[in-house]
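To keep things simple, chains are lettered A, B, C and D as they appear, and every chain counts its residues starting from 1.
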Amino acid sequence: MEYVIEMLNIRKEFPGIVANDNITVQLKKGEIHALLGENGAGKSTLMNVLFGLYQPEQGEIRVKGEKVNITNPNIANELGIGMVHQHFMLVEPFTVTQNIVLGSEPTKKSGVIDIERARKDIKEISDRYGLKVDPDAKISDISVGMQQRVEILKTLYRGAEVLIFDEPTAVLTPQEIHELMDIMRSLVKEGKSIILITHKLKEIMEVCDSCTVIRKGKGIGTTDTSTTNVNELASLMVGREVNFNTVKTESHPKETVLKIENLVVKDSRKVDLVKELNLEIRAGEIVGIAGVDGNGQSELIEAITGLTKSVSGKIELKSKNITNKTPRKVTESGIGHIPQDRHRFGLVLDYSIGENMVLQTYYKKPYSKAKVLNYKEILNKAEKLIQEYDVRTPSVHTPARALSGGNQQKAIIGREVDRSPDLLIAAQPTRGLDVGAIEFIHKKLIEERDKGKAILLVSFELDEIINVSDRIAVMFDGKIVAEVKPEETNEQELGLLMAGSKVKAGESNVTE
Amino acid sequence: ACGGGSDEEETTDSTNSGDDAATEEEGSAEYSIAMVTDQGGVDDKSFNQSAWEGMQAWGEEHGLSRGNGFDYAQSGSQADFMPNITRLVRDEYSLIFGTGFLLQEDLQKAAEQFPDTKFALVDAIVEAPNAVSVTFKEHEGSFLAGVAAASKTTTDKLGFVGGIDSPLINKFEAGFIAGAKSMNPAIEVDVQYAETFDDPSKGKLIASNMYSNDIDIIFHASGGTGNGVFNQAKDIKQNDPEREIWVIGVDRDQHEDGEINDQNVTLTSMIKRVDVAVQEVANMLTNDQFPGGEILEFGIEEEGIAIAETNTEAMTEEIVNTVNEWQEKILNGEVEVPQTREELETFESSL
Amino acid sequence: MLQNKLFTVLVPIISVFLGLLAGAIIMLVSGFNPIEGYTALWNGAFGDSYTLGETIRRTTPYILTGLSIAFAFRTGLFNIGAEGQVIVGWLAAVWVGLAVDAPMYIHLPLAIIAAGIAGAFWAFIPGILKAKLGVHEVIVTIMMNYIALFITNDIIRNVLTDRQTTTEAIPASASLASDWLQSITFYSRVHYGILIALFAAVMMWFIIQRTTIGYELKSVGYNGHASRYAGMNVSKNIVLSMVIAGTFAGLAGAMEGLGTYGTISVMSGFPNMGFDGIAVALLGANTALGVVLAAFLFGALKEGAGEMPTGAGVPTELVDIIIALIIFFVASSYIIRWVLLRFKKEGK
Amino acid sequence: MLDILQSVIPTALFYSAPLIFTALGGVFSERSGVVNIGLEGLMVMGAFVGIVFNLTFSDVLGVWTPWVSIIVAMVVSAIFSIIHAVASVSFHASQVVSGVAINMLALGIGVYLTKQWYGKGQTDMVNQPFYTTNIPILSDIPIIGSIFFEGIYITSYIAIAFAFIAWFLLYRTPFGLRLRAVGEHPMAADTNGINVPRMRYIAVILSGALGGIGGSVFALTIASNFSHSTIVGQGFMALAAVIFGKWHPLGAMGAALFFGFAQSLSVIGSSIPLLENVPQIFLLIAPYVLTILALAGFIGRAEAPKANGVPYIKGSR
């Protein structure tokens, strides 16, 4: 038939684990084909096999019906296969143009890179597919969404016919996701074919034509999206029923836990990112912050947790001033923090999962006495948390690096929640996780709220914000511009507020 | 490659010497001597080499060969001195030389620990009844070098490059300045220490600076650092064969180091005949006249110090005669050459 | 797991074997008898009580400089400055040894502590510059080495002595040397410092593996961001790590000043203990036990090398070549593991 | 003042040249992600080969001897550096460890062979070293000519030219873009079809070649012979120049020139009226103190290439 790519009976092993066990995926020309599976199911591995980064132990790959042997990414490129990786493959100090042409640079006769020509070529492609980028910007200076466009341009520049997207939406804001969907549609219209990996079932239903489900390394089957629904896909993937509607009782907010007054935070370039912000969170409520990435959410969190100094304003925790205290003081005064970037901040990847479980408490009894660590206590604690939070790891001694993203996240949540902080800050707590894991984490957050803790949830997922929060604060340009009740709003309205428009009189505009 | 012949010779010769029993047999019958080098090693073209040459000459005289009757132990670093000394003690050498003032501490200790072995230290003092100290009157030779330089200079500016600022090297400095000023008190001597004996780049930097400041003769007492001095002088000579600049070598005749095309920048060298001293001491031992506890000072009189006259073109008869005149004065006590900066001051004020 | 442990033991042993094998081949090619050569090497290192004593003496400072570099490495810092820290430690030890007059139980500890503090201070400067200004510790420590060398020489000449090149010997009350140890080793210079070095190794193990300090230091080395997030003071830990590393190196200087020599002399170049310490640390995989074993291997090879020219006519540099090759083999353990795995698979 | 410049600049130039060559090698290697502590050893190898070749063939080659010598030294050191490449690229060895081993190995081999071939620990002095020259035309320019172009080693200007060539290669050509990409984010480079190990091999071999030139230029302009103490620390100074220069070829050149300038000033200091009365010890340590001050004061934080020192193992992260 008219398959552009066929991966037949692929088997790929890693030491001690079969990541892909006899999986078959077939991609038709001009379709968007979803790959769905839990964290660690083997999706990325399978795509890395297709892209030539891994060699399969068994199985066959066909491109347009011809058997091929893809031993390295060069061959994949030549065969017209391009991949947008889960973790971007961009060289940060380079410009957009340099990143795009890297490896297939146009040159002048003198052997010098012909930047002018590269720029022209890139402009041509970006105009054609509606991928707007600034060709001279440095990667480190542009947003994640922009970086992703660069990744897409990279594949197109190399003449890719088949594009693989590995969890492209996990790091994007709703707007960016929307734009990406449009880009994908226009790509398909131009005759490209796409494989899309995502954990967001709604996206699959929205843009994909068909979907292959993988569970624990095994292919479960392929269905047309027109003949299935979200619930069916979820249960296929997890192997049980999944409850999407977070069960949650009414909240009963009590005393004020966090009070922020006129907070101003600057970044390293002395630009104001948080501007005279005011916010209050009370015990027993979850306040969700909705906002487009880059409107000061990260800086707000860093200021509360002591990672960044604020310029002016006041932060109080349970009436105690914690403004510009060190992270240690802030933690001790009762704040827990599930950081947005779990690899950078949340874990010491080279420490064992056990050691990571006491990252903030190692110096306290019973984990240490007179500066001497008590490993027995530490490991006991870790074992307990691993049990309780269902962290799947071979043992407490396994390095955190070897755990899957979902399990790393569960470990962090376990650690933070277990300290029983008065205020728990959860930044993008479910980014990149499968529906099962998301369900679990939402349940934990609500449990904590019910125990009378205050919770600050920052997320780009409006679903999540609406489902989990008791109160939603919309952040725009460094300020809280609106506050809404989740029952009384919807994604459209939030989207508009997040974009800075002050439509809809009648809603309470707390600030100013 | 180069020197292939000699290396084979060495190899066979040292393979034989692996046999310790032989050493002992011969050694117990006759006297045997050995030396411990400092970091320079026996081929340093300097006093270690000279000492070794003396030892070889002594061995030849007594029909011995390396490993049978005499030998050396090379030190890679300061940490090797003591193990080397002790090894030789245990190999039952009757007399052990240490060459270089760096070995002073260790040789002193060894002399106390092994009263039955005899020791000799070159260039510094040991105090023990079973040890002699062999020192040189470097100041005397340096004085003559100063005389030669003063006779040769056209700019009346001389340079002195020292290795490490230390009493030993100060002797060279004081003698050199005294010699030059005795000839002409108006002569200026620029003194610089490289603070290392093995950094030719420092030597070259200093020499370059000196030569560009009108200094036309540099006396170096700085081991490998001096390579840089020669290098700079030869470079100037290469570019301007007419320019009259000179280096005065140290410890041995550095004539060959000064060769450049068909000229030579080595005016003369202040030669320390460590070989003479070693032979002398070794002979005292064989004659059962080992002067334990004494300090033997080798100066001009003892033929332990000399001035090279290899560069006959530069060392004109006139200069040689002047040098000889002053040598006489030193020998007959008319001139007492200063050894330290303090003594030099007194000396200068007496001029 | 078990397999891993086995490899950890096997790899160094195979590496040493391969290094010696290569050395033998070099000797053969250059016309020496490898058996004679290695016999001389063995005799030079372990031949009798004297050489054994000297081997231990030589091992002592290697352990400490090795620990110094290993310790800094664990926090992600590269201490090329052990060399300079050794020198200032040596100077401080001898200085206190000469300047203070006190009974041994005060004098000796004081001199040792002074050495540790001097080394710590010398490492503090690169540490604080790194922590506060982000200046790369590698350059600063290289520069600090030269500064240490020249200043120490100047102090020896102008402060400790009257323009001499070697100080007087320290009094017995500040000395680590022991008549008893010397008498049982035919006057080798082995001294009680080895106990200090071994104790330091235990301390390093304890600090790194068992204390909250070590937990913080390693954490900062692995991931500074996460450490800050967890409330650790990253700057403080960088400085602390350098200071502890410097203390170890300073103690190595004390071993020379109070143990081996009892004096300090003007140096024409670096004593190289710090640079060799880099190799020791890396050979010992930056662990305390590894460093002790690597230092001993190093000490034995270097000590034994002295016997090779006299015993077999082989230049001592052969040992440097052998050590370098052993380091290569250990560093390339990946390939040794790979070969071993191949063997195992084929065996099955 | 003119006098001072006239003596400082040419000496600074000859002092810096070997450091510039070697530091450029370091820049290539580290830019590709391979830490090179072994620069010292590569210089040793270069010095050894340069001297031995010069001694052996000066009769045949005449005035061309030094030039052929540095080329041979370059080739041999490049080959020698393959050991570092194999260990740290193919065998995933710790690059620091491998570099330390390179240092020990080069010195061991150099001195061992010297003893084998010459029967002593140091060679004779070469009689065909490099000599300074006045650069035609340029040296006639008033003031500048006498400062910069009189009594200069051509090798110094070649070193400076090399720095610009290195800059051009690294920042203007596909080769350079790829090499830097490999040092920043090897996996990204890999997925773009760049052969990471190959790039790293090339970079390490380039560092060997340049280190070889650096060592042989040192030997043939300054030391004139080879012994265990010919190269003592210059490789580490070159490494410092790499970092000081922020891993940029022109920066590394600037840093090396700074070292040369400071050394030269410290020697000449005693004859500058202003510095005459400064005790010698301060002049001695001045170059090193100045370096630290410069770093702390206004150079500040230098970011290493991100993947520097990390072996690239396909399929791991």
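The working rule: a residue touches a chain if its C-beta (ideal position, glycine included) is under 8 Å from a C-beta of that chain, and two chains touch if they have at least 3 such contacts.
Fair warning: this is a prediction, and the values are worked out from it, not measured in the lab.
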Handout entry: Set of chains whose contacts include both chain D and chain C
Key = A, B
Problem - Farthest chain (mean CA position) relative to chain A - result: B
Completion exercise
Greatest contact count: chains C-D
Completion exercise
chain A and chain D have mean C-alpha positions lying a whole-number Å distance apart equal to 46
Fill in the blank from the handout: Cα centroid separation, chain B vs chain D, in Å, comes to 34
Fill in the blank from the handout: CA centroids of chain A and chain C: separation to the nearest Å works out as 47
Handout entry: Rounded Å distance between chain A and chain B, as computed from the means of their C-alpha atoms
Key = 75
Exercise for the section: Name the residues of chain D that each touch 2 or more other chains. Expected result: 116, 229, 232, 284
Exercise for the section: Enumerate the residues of chain A that touch no fewer than two other chains. Expected result: none
Fill in the blank from the handout: Contacts with two or more other chains occur in chain C at residues 150, 269
Fill in the blank from the handout: All chain pairs satisfying the touch rule are A-C, A-D, B-C, B-D, C-D
Practice task
Would you pull the chain C residues touching chain B in the complex into a rising list?
Solution key: 31-33, 36, 40, 50-51, 54, 58, 150, 153, 157, 163-166, 169, 182, 186-189, 260-263, 265-266, 268-269, 271-272, 303, 305-307, 309-313, 316
Problem - Residues of chain B that touch chain D when the two form their complex - result: 1-4, 6-7, 9-10, 41-45, 74, 76, 190, 192-193, 195, 198-202, 204-206, 208-209, 212-213, 224, 227-228, 230-231, 234-235, 238-239, 256-257, 259-260
Exercise for the section: Over in the complex, which chain D residues touch chain C? Could you list them? Expected result: 37, 83, 86-88, 90-94, 96-98, 100-105, 107-109, 111-112, 115-116, 229, 232-233, 236-237, 239-240, 243-244, 281, 284-285, 287-289, 291-292, 295-296, 299-302, 304
Completion exercise
chain D contacts chain A in the complex at 172-174, 177-178, 180-181, 184-185, 187-194, 306, 314-315, 317
Practice task
Using the touch definition up top, name the residues of chain D that touch chain B in the complex.
Solution key: 6-7, 10-11, 14-15, 52, 55-56, 116-122, 124-125, 127, 129, 131-134, 151, 218, 221-225, 227-230, 232, 234, 263-264, 267-268, 270-271, 280, 284
